[in-house]
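What follows is a short report on a single structure.
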Amino acid sequence: MWQYFLKRVFWSIVTIFVIIIVNFVLIKLVPGDPVHAMIGDFPAPQDYIDQLRRDFGLDQPLHVQLWLYLGNLAQGNFGFSFANRQPVLDLILGRTVNTLILILPAIVFSAIIGIALSLAAASRGGGFDITVSAITLFGYSIPVFWLGQVLVLIFAIVLGVLPTSGMYSLRAPQSGFGAFLDLLRHMVLPLACIMAFKIAVFSRTARASILGVLNSDFVMTARAKGLSRGYTLWRHVLPNAVIPVIAVFGYQFGHALTSSLLVETVFAWPGVGQLFVTAVGQRDFPVLQGILLLSTILVVVANVLADLLYTIVDPRIRRSLGARHA
Amino acid sequence: MTSPQAKPLVEISDLHLSYTMQRATIQASRGASLTIAPGEAVGLVGESGSGKSTLARALLGLNDPKSTRIDSGSIFVDGTDVTRFGERDWRVLRGSSLSMVFQDPLSFLNPVMRIDRQIVEAIPKSMRAEGVSERVDDLLRLVKLPQAARRSYPHELSGGMRQRVLLAMALASKPKLLVADEPTTALDVTTQAEIMDLLGELRQRLGMAMLLISHDLGLVSKACERIYVMYAGRTVEWGPGSSILKTPAHPYTKGLFDSARALRLPNGLFATIGGDVPNLAHKIEGCPFRMRCPLAMPKCTTMSPATQVLGQDGHWVRCWAAQDSGIAPAQGNDVKNA
Amino acid sequence: MRELFQRLAGSPAGFIAGGFILLLIVVTIVVPLVHSVNPMAISGNALFPPSAQHLLGTDELGRDVLQLLIHGVRVSLSVGLLSALVASVLGVLIGAWAGYFGGRIDMFLMRVAEIFQVLPTFVLAAVIVAMLGPGTTRVIAVIAILAWPQIALVMRSEVYRVKQIDFVDAVRCLGYSEIYILIREVVPNALRPVVALGTLIVGQAILIEASLSFLGLSSPDVISWGGMLNSGQRYLFNAWWLSVLPGIAIFLTVLAFNFIGDALNAALNPKDTGR
């Protein structure tokens, strides 16, 4: 079991390395002077350009350049954004919290709703099952950013009940419960957009795994004991069905990040997504590459954590890790 | 005639049952009849695919109600007709009078729930007054499991121990009938013997009836007082174990015996029954066994054999050959065993 | 396969979804041939709401939105279909090889697929297009490269399953070469799930293209639904039709492909459609 885990960690590192190579190759592929790719479309002082050439050995053979590139990354040098007048790493990390505020609740709530929906479908069957299939189909087909625009039109413009954009209101309290409530009001719509797709993903995964568990023999045992269907679903089916759903949590994290990227700009939410979209417009390449690398690292870490969680939840694996119980 | 002295605990008469699987309709029971008296040990024997598990599950209402239908015939449990039972009625019955243990004890236990919790679930509300923990202790002692097994998960136990856990769960409601569906097939020979001994001992001690389902005629004849032989969804021969053992009348039963004893034929091969069990998705005219039967005659293709009695001890058979070869006196066709 | 499509066309929803896609294809091919009006033509009425003259209104440059939508079909469909096609061909070839011969290629495929599953693929696609510059061919290539492992994994397990079936041994006894057996006997029998997944990938690809264009990653001289959304978002509050209508077009198109993909999947594994 530990071996499996170490293997996963090893492949996570390989994944991060692959993205670093992709970044490196992209710099080389951008038409024109590679220095241009490392600065972006922004007039930079000649001093800085010369320093970049020296730091990254741009006149040296490719493998030396790659080595220097890796060395710079290892020291946390992700480049400098002239558009924002800030080192890339500081810039992105400063925005990460705002994005996590959206993503983490979105994943947790979607998981709960998605699993609950599939469970309800499993216990009722018939019409409920069709409803869940429809929700899944719609969730997979809606462009999230467009959903955001429609929600803004309906809730902010027509009904006027929720704020159109941003994270805080100017007149709202700066701290305490009032501030929290204000944040919640701003969160509702972007959260709803990210969740629309997430709920679809979770209910699809959960539905497949619940159907699998419902066909297992121990459900027959539960019936033979004279247990009610509701109790059986809750105590026997659910715990077994949730395990594979947890296993894909890390993967869900990557999806949510993508949705957030597209949704933040609609709501002017000051997170990594908005930074990304601005950087696209400004052709601020170091920021784009930094976001790609950091989001990869985030997703990879989330995957390893999901693996750990999985081993904690499933007694079959947990016990073999402990290996003391007979 | 040789109807059991007491009122029967279970009485299945001419049951026809079908279920749908991937758009095909499988007629799993095609005239199955069976009675069990209180406290009696009855064996049900047949090859895999003969419909014996479906019959056993029908007795507990465990077949999927959405895809399974009883076409005709009846099932009486304790004098009540259960053919029209809903899930709620079944639940009451399963929690009190009827219990079942299954073939593969690992897959029939919830992998992420501790043993004690799974046993507790099986204890009916009415029996929880005297203390649930004590009751679990009793049950573990009854099936000879160490107390240490309480906090284990199923995958941490051996196959024999898992089967004991299933047994403990089945006994928790003090049932009148225990249905054991191939309880030892997944186990090695030594453990098999231990579980069979335990089953026999428990039956004596608790005075409960047992329906033992197996493909192994030898095993069943040791453990049961009466035996039913099932083929292609219908019961083809039944009677006291000793009588069936001594004078098997149906060619299929004889074939089962020969392969069970690993009988060596003059040509040096082991005796087996040639051919395959018929596909229960198809309609079968006449006797379903005729394609594999050494004694088949023209009549067998067109007419389903009538039920007839052999001797005075309640030994019955459904076979034209058994009658025409003069083993059995001719009897009325519509006789049922009850 | 044919029977599958027949069953699909038999259900009303499947019929509508299929009909909608056919309509889009016809529009893509026919409209440029018979239609002489330049969609880029600028009329005097900018940001004109839907009316009898302009059924779906006009945009900020006074172009007719209906015209733009009709001409935008081309990009969405070609990106969706072509990238799914390229991804499928790549995936089928690599997956079939890995599933049939096993060994190193198989190990490699599994590792690559694992990595792709973890990667934030959309961010990757966006960064690549942003740095190398927009262009329909480039977008198709990027989407295909990111999507092929899904196909390859399915193909691999199908080929692995099919090659265990007896008839393959029977053909082998006839003395045909392994490659011949793989191409003529195994692959055709393993293609059905790939068709279902490929259809779903068409939907994914259309969404990715629209998202990239929405981020501003499309060339300004090509009309695309995502591009319309990008320029329309500035006028969200005073010209709702510029945002709502192209979104509906994207949604319906993706919905149609996803519906057919789901239906094909369900027809393939009747077991996990549940009861």
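By letter and in written order, the chains are A, B and C; residue numbering begins at 1 in each of them.
To be clear about the criterion, a residue touches a chain if its C-beta (ideal position, glycine included) is under 8 Å from a C-beta of that chain, and two chains touch if they have at least 3 such contacts.
Keep in mind that this is a model prediction, so the values were computed, not measured.
Under the contact definition stated at the top, the chains bordering both subunit B and subunit C are A. When C-beta pairs in contact are tallied for each pair of chains, A-C comes out on top. Comparing the centres of all chains, each the average of its CA atoms, the largest separation from subunit A belongs to B.
Note: centroid distance subunit B to subunit C, computed from Cα atoms, is 54 Å. In whole angstrom, the spacing between the mean C-alpha positions of subunit A and subunit C is 23. If each chain is reduced to the centroid of its CA atoms, subunit A and subunit B end up 54 Å from each other.
Residues of subunit C in contact with at least two other chains: 275. Multi-chain contact residues of subunit B (touching two or more other chains): 66. Across the assembly, subunit A contributes 125 as residues in contact with two or more other chains. Only residues 11-12, 14-15, 18-19, 22-23, 26, 29-31, 37, 122, 125, 129, 133, 137-138, 140-143, 145-147, 149-150, 152-153, 157, 207-208, 211-212, 250-251, 254, 257-258, 261-262, 265-266, 276-277, 280-281, 283, 285, 288-289, 291-292, 295-296, 299-300, 303 of subunit A touch subunit C when the two sit together in their complex.
By the touch rule above, subunit A contacts subunit B in their complex via residues 125, 216-218, 220-229, 235-236, 239-240, 243, 314-316, 319, 325-326. Listed in rising order, the residues of subunit B touching subunit A in the complex are 60, 62, 66, 87, 90-96, 99-100, 102, 104, 107-113, 121-122, 124, 148, 152-153, 155-156, 166, 169-170, 172-173. In the complex of the two chains, the subunit C residues touching subunit A come out as 111, 114-115, 117-124, 126-128, 130-133, 203, 207, 210-211, 214-217, 229, 233, 236-237, 240, 243-244, 246-247, 250-251, 254-255, 258-259, 262, 272, 274-275.
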